[in-house]
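Same chain, two partners: subunit A is paired with subunit B first, then with subunit C.
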Partner chain A sequence: MGDFLPPLLFLAGGLIAWQLIAPTGWLVNPLLLPTPGAIAKAGWELLGAAYLGENFVRTVYVIAVGFVIAVLAGLVLGTLMAVVPLLRLVMYPYIIAFQALPKIVLVPLFIVLFGFGAAAKIVTAAAIAFFPVFMNTMVGLSLVDADQRRLMESLTASRWQVFTKLQVPSALPLIFAGVKVSATYAMTGALAAELIAGTDIGLGRLISTFSFALQMDFVFIIVIVIAVMAYLLFTGMERLGEKVVFWGEDQERGGL
Partner chain B sequence: MISIRGLSKLFPTQDGTLVALRDVNLDIQEGGFLSFVGPSGCGKSTLLNIIGGLLQRTEGEVRLRGEVQDRPRRELGMMFQAPVLFPWRTIVENVLLPVEVLGLDRAEYQRKAMEILNLVGLKGFERAYPRQLSGGMQQRAALSRVLVYDPDVLLLDEPFGSLDEFTREALNLELMNIWSATRKTILFVTHNIGEAVFLSDRIVVMTPRPGRIVKVVDVNLPRPRTRDIMHTPAYADRVFEVRELLGVAH
Partner chain C sequence: MTAARGSRRGLLYHPGMRWTLSVLVFVGAVALWHWASGRTILGLHIHEIILPPPRDVAEVLWTLVVDDTGFLLEQLQVTLLEIFAGFAIGTALGLGLGLLLIASPLIRKMIYPYIVILHSMPGVVIAPIIIAWFGFGIESKIVQSTLGAFFPVLINTMVGLTLVDEQGLRLMESFTASRRQVFLKYRFPSALPAIFTGIRIGLTFAMIGAIISEFLAAETGLGQLIQRYHYELKIPEMYSVIVIISLLGIVLFFLVEWLDRKLIFWREDPARQLWQR
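Moving on to the complex of A and B:
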């Protein structure tokens, strides 16, 4: 509990200062920066409205499905590239090129292809979240300690045994680091696609609607909802990571 | 049991070819303790890896019980300078790795693994993870791992080279006890002359550039040996002889 106190005091102090300074118009036009009190009032109003839940559920759904697709595709393709050298040789330049491309520019294309519904947003989230898992799976499976490989060889291990007993476990820390990054990327992709699409439902759509209407207090509420969601997602993944990679190896070595 | 004829090993490098081993001939008897001694670069580890089938030779041949030996085999157990334990496995799971890979009966070997861990002084650490153990204890676990599946020949590549003097001496004594009890053929690579004399029946003295055998020294010290043997003139003579062979060759 002691660890929470200093940040909470900092937050309270900041909110009080903001509440006092904002109405004076001294720093920012009050229309653009509502006071914490106004935001809280808007929050009360918005949390009672049925449409917030509907939009929230849609966004969570888009993130979750996009994330799952990204992880599965990343694991499968990353593994294929790691174990089939020819495939890596042929595909690698294209994958790097696709990775370098800011996937956001593909959103209009996805909307044309998949329509204004959830599908285009799921595809965007998946396309953005795919790379960390893919790259870290490929790199992790390929970067096996030479001595450990020699040990397996000396035991006359088959290729399959080397894969299951050595490559997969030693890749896990890196793969999981990738999965964690992917989770936040999926969220970014989903919200960005909703913002860009500007139609249909979702938290991203709500932000764009409210900001066009200059209802900044509502915009802040959505941002807070998203921030809490991101925090829960990230810490949840962190916990899961500690469970999966329980031997406490540095998860951030190499890769993405 | 193992015969080596005209063995050479070349490594291509940026500025030409490195002759790691040149024309090595050696016969290794079953049940003996044989050490390979020499400075870095004399090819002793390379030779051990070729015998173990982990490296391919350039010329010549190695035969194991008359058969051409060019690949890893169940009969040959390797141990390296680093413990090479898998950090995601407990100590006993690490020891059982060969059992799993070789498809042996896990239940039966579980008991054996426990016995061996007890023998090497790791009782109570079966369920610990490698990072919780000191370097010496990790190497004891690695030793247990090679003993558990009972290979005929142990190929030990500077197994205690990275440990401190005291731990190394303790492990040498344990290794000797294990050898006395099992009479396995042990091939032991080291750059420590005293250690080689203390442990071995015969010492293969090697020199670098190109890696070759200068002489095979018969140790001829009585067994069983204890630490005390290190204070005898016969021990000192043997150490002196090996040192001279290495010194003269330079």
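Moving on to the complex of A and C:
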């Protein structure tokens, strides 16, 4: 309980100060910085609105589909690059270029290619989320302990056995670290694309609509919804990681 | 390409061969793009407006770079300023707050949960708020890229300073090192690889922040240029600016990568050996 007290006090103090200062317009125009009370009111109103559900479901759908595509593509291509070194060496400049590329610049391109619907957003989420899984799969499967490999080979293990009994188990913690990062990236990609496109439905679209209308209280409440979603996703993946790859040391930040 | 194994393996893995194949992949990709533009594939018509042939894009790119150099440089300058100003401010703030939070457990306890929440949240979603607060000009872009750089630097500073080898600490203390000496000679240097990783990620995120903000509302800059060409349906022009921003991103990435190798020369990055054979 003692751990919760300081952050809660900080939050309460911050909210009270904000509620008192905001209407005076001392720091920011009250139109631009709604009070916590106004935000809560907007949240209540939003809860009653029929459109919140469909926008929320659409964003979750885009994140989920983009994430699954990214993980599958990352696993398959990462494994391919790990198993066929020549392919990896030939593709090297493109892999590095794709890693260096801020994928967000491709959003207008995806909108042109795939239209204003869900497809362009899914492609953006997948494109951004792809790299961490891909890179960590490739690195994890390629860089196994040389001594362990030699031991298995000297015991006449087949390539398949080395792959399934050594490479995969030793790579899994790193791969899962990549999957964790990918989940967050898929969310960023989906919301960024919805925001930039500013059409169709989704939470990003809602933010863009409300901010054009300068209804900042609604913008704030949706941002809070997204923050809660992101936090649940992040801690959920963390918990899942502890269960799935319980034997690996924590490889935070791998492949970023 | 699995046929590469066997007796010809040596030749195929020769560096010259490797780079020749890399170039061939590029040529093949451009040829595929050229072939696909304006063609119906599997019942899906790829209109030339959506995917203009590579020749058109190359021509427009040439015009933009050679004939409109002044205009392009002006846009580039604005975007670079946004990225670097935000990156510098965000790095300084992230480093400063990171040090403060490590130094003061009380402040850390108060705000760390919120940092975790804000860090896991996609920063792009607050871009409209930042634009409403700071306007359509360069300021909102700088704030957005500052936010981008801030969190990775902050988190990595804290992680780097926390995960310090205990044995080394004890060794220094047993040689009666002062707190200041322990920090300057041991804790901070051993946190440097983590901090610099944060700075590297920070530059990428600063760039993403600036571009997102330019996409949403801006007066000048490369991201704004992409959006403008998009709305005007000048698709080959849009493609060429995307190529330019991509190249900028790649150049910046290699710049920090190079700096990292020079400054954090003791860093062990196992992934680097993947590309050597």
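The rule is simple: the second predicted complex is superposed on the first by the 250 of 256 C-alpha atoms of A that agree within 3 Å, B and C clash if a C-alpha of one lies under 4 Å from a C-alpha of the other, contacts with A are read in each partner's own complex, and residues count from 1 in each chain.
In this text, contacts are C-beta pairs under 8 Å (C-beta built on N, C-alpha and C of every residue); 3 or more make two chains touch, one makes a residue touch a chain.
What you are looking at is a predicted structure, and each value in this text was computed from that prediction instead of being measured.
Superposition of the two complexes onto subunit A shows subunit B and subunit C fitting side by side, with no clash. Shared-chain residue A:148: touches subunit B; no touch with subunit C. In the superposition on chain A, A:244 makes contact with neither subunit B nor subunit C. In the superposed model, A:219 makes contact with subunit C only, not with subunit B. Of the two partner chains placed around the shared chain by superposition, neither subunit B nor subunit C is touched by A:57.
Of the two partner chains placed around the shared chain by superposition, subunit C is the only one that A:87 touches, whereas subunit B remains out of contact.
Look at A:161: by the touch rule set out above, it reaches subunit B but stays clear of subunit C.
In the superposition on chain A, the chain among subunit B and subunit C reaching more residues of subunit A is C.
By the document's definition of touching, neither partner reaches A:76: not subunit B, not subunit C.
After the two structures are overlaid on chain A, the closest C-alpha atoms of subunit B and subunit C sit 16 Å apart. Overlaid on A, the two complexes show subunit B and subunit C touching no common residue of subunit A. Residue ranges on subunit A touching subunit C, taken from their complex, read 3, 6-7, 9-11, 28, 32-33, 84-94, 97, 99-102, 104-109, 111-113, 135, 138-139, 142-143, 184, 187-188, 191-192, 195-196, 203-204, 207-208, 211, 214, 216, 219-220, 222-223, 226-227, 230-231, 233-234, 252-253, 255-256. Across the complex, subunit B meets subunit A through its residues 52-54, 71-74, 76-78, 80, 82, 84, 86-88, 97-98, 100-102, 129, 131. Every residue of subunit A that touches subunit B in the complex is listed here, in rising order: 145, 147-148, 150-157, 161, 165-166, 169-170, 172, 246-249. Per the touch definition, subunit C reaches subunit A in the complex via residues 1-2, 4, 12-13, 18, 21-22, 25-26, 50-51, 106, 109-114, 116-118, 120-122, 124-129, 131-133, 156, 159, 197, 201, 204, 207-208, 211-212, 215-216, 223, 226-227, 230, 235, 238-239, 242, 245-246, 249-250, 252-254, 270-271, 273-275, 277.
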